[in-house]
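You will see two complexes here that share chain A, one where it goes with chain B and one where it goes with chain C.
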Partner chain A sequence: MATKSDVLDFIRIYADKMAEHRQELTDYDQAIGDGDHGINMSRGFKAVIEKLPAVYEKNIDEILKTVGMILVSTVGGASGPLYGSAFMKAGAAVKGKGELSNEDIILAFDEAVGGIQFRGKAVEGEKTILDSMIPAIKAIKASIADGKSMAEALVDGEKAAWDGVEYTKTIIATKGRASYLGERSIGHQDPGATSMAYVFQAAKEVAEKVGC
Partner chain B sequence: MVGIVVVSHSQKIAEGVVELAKQMSPEASIAAAGGMEDGSIGTDVSKIFAAIKAVDEGDGVVILVDLGSAVMSSEIAIEMLEDSNNVKIVDAPIVEGSLFSSMESSIGSSFEEVIDVLARARVYKKF
Partner chain C sequence: MLEGIVLAHPEYVARLEGFDVLIRADKKINKVALVSGGGSGHEPAHGGFVGTGMLDAAVAGSVFTSPTPDQVLEAIKAVDTGQGVLLVIKNYTGDIMNFEMAAELAEAEGIEVATVVTNDDVAVEDSLYTTGRRGVAGTVFVHKIAGARAETGASLDEVKAIAQKVIANVRTMGVALKPCTVPAVGKPGFELSEDEMELGIGIHGEPGIERKPLQTADEIVDYLMKRILNDIEFQVGDEVAAMINGAGATPPMELYILNRRVSQILAGKGIRVFKTFVGNYMTSIDMAGASITLLKLDDELKELLLAQADTVGFKMC
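Take a look at the complex of A and B:
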């Protein structure tokens, strides 16, 4: 279960991570893309944090949708429409909710993946955000089905996400700017998959803190 | 008149393309949506949304994009419109496309005719 305060905490922790890993994400992107992923993500989430107090009183769906709307107008690169669509779809999945059950959380993740796939027209294995996100969600679902708590499931989810990041080093990029490099993209980890792994890390930290 | 929106990661590119199109077709309904609010490189859904609104006279709007997130950001801006039936992203080079479509729209051509001209801009040979 996650309360509204947990969701706000998650957004704050993730924003901190984007600021903290700004250079790292940019370095990964410089190797295979246009070198702005860390700059863009930290700029977008800085704007989110500045504007978030305006929706503190709203339900979780409104908060998530607002985050998405802010991202699509402040990130600037491809991660803006992709992360923006993910947050907007996650919001739409939990309409009117003041707190989220484990089922709601999984539904929100599923809808977020759907939003990214719809917007980016990508599938797994193309060296994108999806390569850490999809395995992470699969792992979370499996752990919950095994009777684990959400905090435990998110530990498994984060691990699967980082395994997915490792996997992106072995494959050729076929989407976005990195696709111009073809085989030369092998050996480099995908910056989008990396920033997505931090999503699960942030969620795990919130769950561990509140012990859900 | 059919409206035209030029979306680029660079504010200067979008504004420069509009400047060029306006020089040839001063009466064209064309707007630039380039870069972020602070002028840095990127595409911004709210800028694109505002540009669509600014050129929409009810006869349709074509959107010309540079690459990458320009397409996705334009799609989101279109989805935010109440009526998006006559708003379309067209796959054409932004300089040639903007020039040809602004000439075509400013002589009162229909949405379909402007889209047809943009299809030709895509295969236009410079020499």
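Take a look at the complex of A and C:
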């Protein structure tokens, strides 16, 4: 379960992570892309934090939708539409909710994946954001099905996300600018998969704190 | 930067208030409108091509980063006259997503929007396993020719069709001798030693086909032209427009030296150069390098290429 204040905490923690890992993400992107992922993500989430107080009183769906719209209009590049679509779809999935059940959280994650796939026209195994996101959600679903709590499931989810990041080092990029490198993209981890792994890390940290 | 462009050329372009968008300074004309744009750092592209016979609006993103959908949407709304708007997009994942989102938003507001995607860079293999070829300097010919067609009062479908004809017939390849630096990053996007060059470089410094020791200008042109000529069928007597485009830190002197060899090679193959363009059209900030673009022409394309264009970065009178 997650309350509105958990969702707001998650957004704040993730924004801090994007500021903290700005250079790291940019370095990964310089190796195989155009070298702006960390810059763009930290700019986008800085704008999110500035504008967040305006939606404190709204429902969770409105908050997520607003985050998505701010990202779309401030991040640019490919990550703006991708992360923006993810947050907007997640918001639409939990319409009118003041708090989220575990089923709601999983539905929101699923819809977020759908949003990214629609916008990016990618599937798993193409060295993208999806390669950490899809395994993480699978792991969360499996853990919940095993009767674990959401906090425990998010620990498993984060681990699966980082395993996914490791996996991106072994595959050839076929989407995005990294695809121009062909086989030369092997050995490098995908910056988008990395920034997505921090999503699950942030969610885990929120769950740890509230002990849900 | 946009402020500086408007202050320098108020007779050509105006800023769309509150947005990173340049529009034509003259009154809206009742015709299909052309909107293009992309990351900054490619000047004069794209704002420099706003004007008579080319673009109606150009949207500028951060350096090497696609503009966002809300900015593109405002550009579309500013120039639409009810005849529809053609978006000319260079084939990069970010540009395509942001422009497509803008197109969806504009359509939801009742504006007719069509899109074309330029992909003239022969250095990238076009296959199911890549994002596809990059849109580079050949995009300027799409602006020129589709823009000329729009000025004749053609419909959105007709303007889109001619843009696609240009895309089907234009090929480019580039070389870099020194990398470029995105200011916010503060260090070069890739390493290249003094005596090396990257063949097949992209306009954001993306890697090309191979890295080799420096060669003479003629040898470099031989390499690039071989790739371009292998990619599109030419017959004796065909006519082309050639563009020798500077990457930002290459002096005109060197571009003319490259052009000398381009002309020699084409003459040797019996291909007639109908029109040559030498200069900075699609740059990569401070990169030292150049690209060669060939556009295969027919009578229709020739007529539209020669039609009047009056913009900061491209003139035809």
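Everything below uses one rule, namely that the second predicted complex is superposed on the first by the 212 of 212 C-alpha atoms of A that agree within 3 Å, B and C clash if a C-alpha of one lies under 4 Å from a C-alpha of the other, contacts with A are read in each partner's own complex, and residues count from 1 in each chain.
Note that in this section a contact is a pair of C-beta atoms (placed from the backbone, for glycine too) under 8 Å apart; a residue touches a chain by one contact, two chains touch by 3 or more.
Since the model is a prediction, treat every value here as computed from it, not as a measurement.
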Side-by-side fit of chain B and chain C on chain A, or clash: clash
Touched partner set for A:187, first chain B, second chain C, both or neither: neither
Touch count on chain A, higher of chain B and chain C: C
Partner chain in contact with A:30 - chain B first, chain C second, else both or neither: second
Touched partner set for A:174, first chain B, second chain C, both or neither: second
Contacts of A:98 with chain B and chain C, given as first, second, both or neither: neither
Which superposed partner A:120 touches (first chain B, second chain C, both, neither): both
Partner chain in contact with A:77 - chain B first, chain C second, else both or neither: both
Residues on chain A lying within both footprints (that of chain B and that of chain C): 36, 40, 72-82, 119-120, 176-177
In the complex, chain C residues that touch chain A: 39, 61-62, 64-71, 92-94, 97-98, 101, 124-125, 128-131, 134, 182, 184-185, 189-190, 202, 204-207
Footprint of chain A on chain B - complex, ascending: 9, 36-37, 40-47, 68-69, 72-73, 75-76
Complex interface listing, chain A residues touching chain B: 36, 40, 69, 72-82, 84-85, 119-120, 176-177
Chain C-touching residues of chain A, taken from the complex the two chains share: 26, 30, 34-36, 39-40, 72-82, 119-120, 172, 174-177, 179-182, 184
